[in-house]
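Below, chain A partners chain B and then partners chain C, in two separate complexes.
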Partner chain A sequence: MLGLNKADLRLFLIVIAMLVFAPILLNPFPDTSGMAQFNAGYPDLMQKLVIFGIFAIGFNILFGLTGYLSFGHAAFLGIGSYTGVWMMKLLTMNVIPALIASVVVAGAVSLLIGYVSLRRSGIYFSILTLAFAQMFYSLAYSVLTPITGGESGLSLSTDDPRIFGVQATDGGNIPVPTVFGLDMSHAVTLDFGAWSFTISTGYYFAAIIMALAFYLAVRIFRSPFGLMLRAVKSNQNRMNYTGLNPRPYTLAAFVISGMYAGLAGGLMVAMDPLAGAERMLWTASGEVVLMTILGGAGTLIGPILGAGLIKYLESIVSTINDSVVHGWFAPLPDWLENTLVTVLHPFIGKGWHLTLGLVFVLVVCFLPGGIVEGGKKLGNLFRRKRSNGDAPTPGTGSTTAEQPGE
Partner chain B sequence: MSTKSFSRRGVLKAGAATGVGLALPTIFTGSARAFTNEPGASSVTLGFNVPQTGAYADEGADELRAYMLAVEHLNGEGDGGMLSTFSSQALDGTGILGRRVEYVTGDTQTSSDAARSSARSMIERDGAIMITGGSSSGVAIAVQGLCQDAGVIFMAGLTHSNDTTGKDRRANGFRHFFNTEMSGHALAPILSNAYGNDRKAYHLTADYTWGWSQENSMRTYTEALGWETINTVRTPVGAGDFSSYLTPVANSGADVLILNHYGGDMVNSLTQAVQFGLRDMMANGKTFEIIVPLFSRLMARGAGSAIEGIYGSTNWHWSLQDEGSQAFTRSFGTKYGFPPSQAAHTCYVQTLLYADAVQRGGSFNPCSVVEALEGYEFDGLGNGPTLYRAEDHQCFKDVLVVRGKENPENDYDLLEVVEITPRETVTYPIDHPDFQGGSLGSCNPGA
Partner chain C sequence: MGILEVSGVNKRFGGLQALGDVNLSVAEGSCHAIIGPNGAGKSTLLNCLVGKLIPDSGTVTFDGQSVLGKKPFEINQMGISRVFQTPEIFGDLTVLENTLIPCFAKRDGVFRMHAIESIAHEADLLAQAEGMLEELGMIDKRNMHAASLSRGDKRRLEMAMSLVQNPRLLLLDEPTAGMARADTNNTIDLLKQIKEMRNITMAIIEHDMHVVFSLSDRITVLAQGTPLVEDLPENIKGNPKVREAYLGEAQV
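Take a look at the complex of A and B:
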């Protein structure tokens, strides 16, 4: 179905189910309980999970398939964001033209950067992309201030032309991004006993885009083109000797991943119409590398999981402060409580990077294939147990091995 | 197997099904809210969004202390601070409208993106009814726009750029702090007296909305005195090392260096300027001088002896002798062991003003708060009689001109107040050219 084989279809359906039920799945704790701190089912975070999922899926097409490690993809994300805001300033608050323009402009710029950078491979390629990204960052941060808003970021105002829309609402305020009349920020809270779930337009819009982006990525992975990209990764020399020029393939992969990044950037401003230069910083480029590796480079679902884990840690751990931790350990004796708080202190609040670092070290040391490998190992463990007890079921263990994309 | 009709699993299943059935009718109850994050009957949540990392982290930490103190006082704990000196006596120490005040904190990282994201999560996840904080105008403007769209009130913390209540003003946003126009106006006569009217100035400017605004105001007022502007150089926020920007100053022909820097940036640039020997230098037959238009005690402490004799302006200083300032300094000092900074003061006052406006208006609805604050005249919060102007949501009050003390007695007594410029002098008309190109719009209570 949909041109997917059985395993891919199952994976696609799982992703869709996850997207549809995310507002419920991510809010497992009742609002009033102390664990509500760990709920992730609010629009801002869910949108981020999805948007960075798209970003990571695209990055994985380049890094996971061809092995080219780009350290400059945040530049395309930023370009997508600036383009999106400009479209909303000039044309209309409908986000569709903004998204299309984001993808197109990011694609054009990545063609340019890719053309130059892909003349080298390995570390030199990484350095070139990093250099380009930093150039774009400084352009956005100071040189092009009239276009990008500099440090304050590019935001909408009531003076914008907005040819196909209103300059200001009836109340004199700046209009909000919409998709054919539906407010992106519109949200309905469903109270369900002690639980409450927020259903927001923005999230589901982003989720639909992500489902499409994921489907496209699966098709690319399984296409002859995807096979060529894998060939680039496994042995470029051999590919050359067979008379194939790898450069057009890598450039195409680079541009596709740049367009994915542009789409993610466009979505970011569709959710919150302000584009800051920080999202182009090299740390942001490094973050998407972390997401992909953490989830499992070269796998289909890995980057999404990695992006989810990092954004979850960032949003949740960074808001835990000492008084919250004191609350958790309140029943313990004072000396124990204070010791535990002192031990945890560096890992919470602004120290969330430390927590992320630890997780990253653990994953790379013990699960070099990322979260996906961890999942597989767990799955195999249970399968083996079951098959030991019941009749042997030959072949079950090998299906995953044949499907490098799962 | 009909004999096992009451298996554990069966009972659980039936129980769960009943629970779901009972809960279903309540499924749509949540959406019937009059405004965003309408608080429940027992508590109300405020969101404190301050820089905890980056160049303004010191200010952010002090702001957070002030917020926690304000929450204590609103809930009737501690000594009550400025509640007793405040001209409005609507607040009685039982929280706001009888609801206990709770708070959540966030880190703006002095970045617009991070600050907006942190504010959004406070509004969406924690149900914050009001967002306050910020130690950078770029961040304050970004968060103010977000709060306008989300339908919550934004009480700006330390933000000094004209744009916050000028080009980028919003109906849901309010600023107690002064701005660069007021700084320039208050500083000009003092500078003229101290350094004369024939000076050549060199500006180093933090490259964002506040820096531009500060540079513009200082240029306008110093050039009106007859000073000449030799050069203006923009430096990135959080640069750390300013030596490459300071080297050309000595041979530029300038005899005054104006540092439009704040926080950690100002500490670094001023310290380095002094180390370069700029202050011991003679230029154009005069002693070389340095001016820091926006001064704070925290920065003075960071820069140490480098601040001796340097002029600047400030919103408030703990050594003021009025009743409100004394009460605040006493209660802050008792809790934390040192006097508060101007950032702490403005944040504390903003929290009180918000609580008071809710109390007087009788509702947490942002539109009621806006109505209660617009054109509100109050006193007893440390700055003398103050007006929240309805047209731009800017507070008008006295401005302090300060100078770094030559021989400070202790670590906190670093600035001396040279002049208190009265409110009438620094009040500017609403159609001032530096504040054009924006409009408040209308208050947004959200959904």
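Take a look at the complex of A and C:
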């Protein structure tokens, strides 16, 4: 169905189910409980998870399949954001034209950067992409200020032309982004006893886009083009002597991943129409590398999981401060409580990067295949235990032929 | 006029004349061996044929068309396929995928953006690749990672990757170098099998004379970058000049 094989279709349905039920799945704790701060089911954070998921899915098409490690993909994210805001300034608050323009412009710029950077491979390629991205970052603060808004960033105003929309609302406010008449920020809160779930237009719109982005990635993975990208990673020399030119294949992968980044950047401003240059900083480029590796480079679902984990840690761990931890350990004797708080202090609040770093080091050392490999290992362990307990039943050996990149 | 014509080819590396005025003509349908002691320039000559090196002077034509200045993938698209001294395969991919890639290259050219179609729907090419693996006795290993194959099977797979493209000229660079006797004999058998089944034009570069005498229709002896003699295998064996070139080597 949908041109997918059974295993891929199942994976796709799982992703859709996760997206549909995320507002509930991510809010497992009652609002009033002390655990409520671990809830992630609010629109802002869920949109972030999904948007960075798209960014990482695209990055994985380049890095996971071809092995070319770009350190400059945040530039395309930023370009997508600026383009999106400009479309809303000039044309309309409907986000669809904004998203299309974000993808097209990011694709065009990545064609240029990719064409130059791909003359090199390995570390030189990475450095070239990094240099280009930093160049864009600096330009955004200097000569490009008329386009980017410089330090204050690019935002909407009531003076914008907005040819196919209103300059200001009846109340004199800046209009909000919409999709076919629906406000992006529109949200409904559903209460179930102590639990409350927020259903928002913005999140579900982003989720639909991510589902499409994921579907396209699956198709690319299973296509002859995807096979060629894996061939690039495996042995370019062999490719040359097999009658294939690796360069256009790699360039196409670079542009596709640049377009995914542009789409993610466009979605960011569709949720909150403000673009700043910090989005293009090298740390942002590094972050998507971490997401992909953490989840499992070259796997289909890995980048989504990696993006989710990192954005979750960032949002949740950074809000935990010493007084919150004091609250958790209050029942303990004072000396023990204070010791525990002192030990945890560097890992929480502003120290969340330390937590992330530790998680990353642990994963790379013990699970080089990322979260996906961890999941597989757990699955195997579980299966073995179960089959040890039960009498061996023929046919349940579950020797599903391993799909590349599953 | 042979399908491959090399004339007046020179190649220098700094002060070293690696190839000096090499002339060679490979007739269509034949198996032509190029032999010579280590350092004679055999690999250099082969690299000039496949686009890895460009000769300082001279011409190389394939089917009347010059190959000089062309990229390796363009030369492959002309119908020349090369087998490496140490097997070059896609180690991370499965045996079947390894065999499929040359099929795509043959059908779609050096690049084609087929990013949405599914490989599973390429019934023709899948059948072609599987048929090739069947022919070389590797169909059982189709889902194995190529990197995990034995050395002999890697050679076999590489051969499958070349043959599945139905090349007009197959170039082999020391296909038995570093192999034990048993493996060498297996490879000879494989090459004989290929020769009989497909009547393919082959140019084989060898150091080991035992290998070439059992395969080739014609032999060129290369010494210090220059062809010494070119003749039928039975005439080469007794040739005193060849003896001299291989002086001190036990094979002759």
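In this text, the second predicted complex is superposed on the first by the 395 of 406 C-alpha atoms of A that agree within 3 Å, B and C clash if a C-alpha of one lies under 4 Å from a C-alpha of the other, contacts with A are read in each partner's own complex, and residues count from 1 in each chain.
As a convention for this text, a residue touches a chain if its C-beta (ideal position, glycine included) is under 8 Å from a C-beta of that chain, and two chains touch if they have at least 3 such contacts.
As the structure is a prediction and not an experimental result, all values here were calculated from the model.
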First, second, both or neither for A:167, with chain B first and chain C second: neither
Partner chain(s) touched by A:191 [first = chain B, second = chain C, both, neither]: first
Residues of chain A touched, compared between chain B and chain C (which is higher): B
Which superposed partner A:134 touches (first chain B, second chain C, both, neither): neither
Contacts of A:319 with chain B and chain C, given as first, second, both or neither: first
First (chain B), second (chain C), both or neither touched by A:121: neither
Partner chain(s) touched by A:236 [first = chain B, second = chain C, both, neither]: neither
Shared chain A surface residues [contacts with chain B and with chain C]: none
Touching residues on chain B, where the partner in the complex is chain A: 19, 23, 26-31, 52-53, 104-107, 111-114, 116-118, 120-121, 124-125, 137-138, 141-142, 145-146, 148-150, 168, 170-171, 207-209, 234, 236-237, 437-442, 444, 447
Interfacial residue positions of chain A with respect to chain C in the complex: 3, 5, 219-220, 222-228, 230-231, 233-235, 237-245, 248-249, 252, 256, 401, 404
Partner chain A, residues of chain C touching it in the complex: 50, 71-73, 76-77, 81-82, 84, 88-94, 97, 100-102, 104-106, 108-120, 122, 143, 161, 165
Parts of chain A lying in touch with chain B, wherever the complex brings them together: 39, 42-45, 48, 141-142, 150-153, 155, 157-159, 168-169, 171-174, 176, 185-193, 196, 198, 272, 274, 276, 278-279, 315, 318-319, 321, 349-350
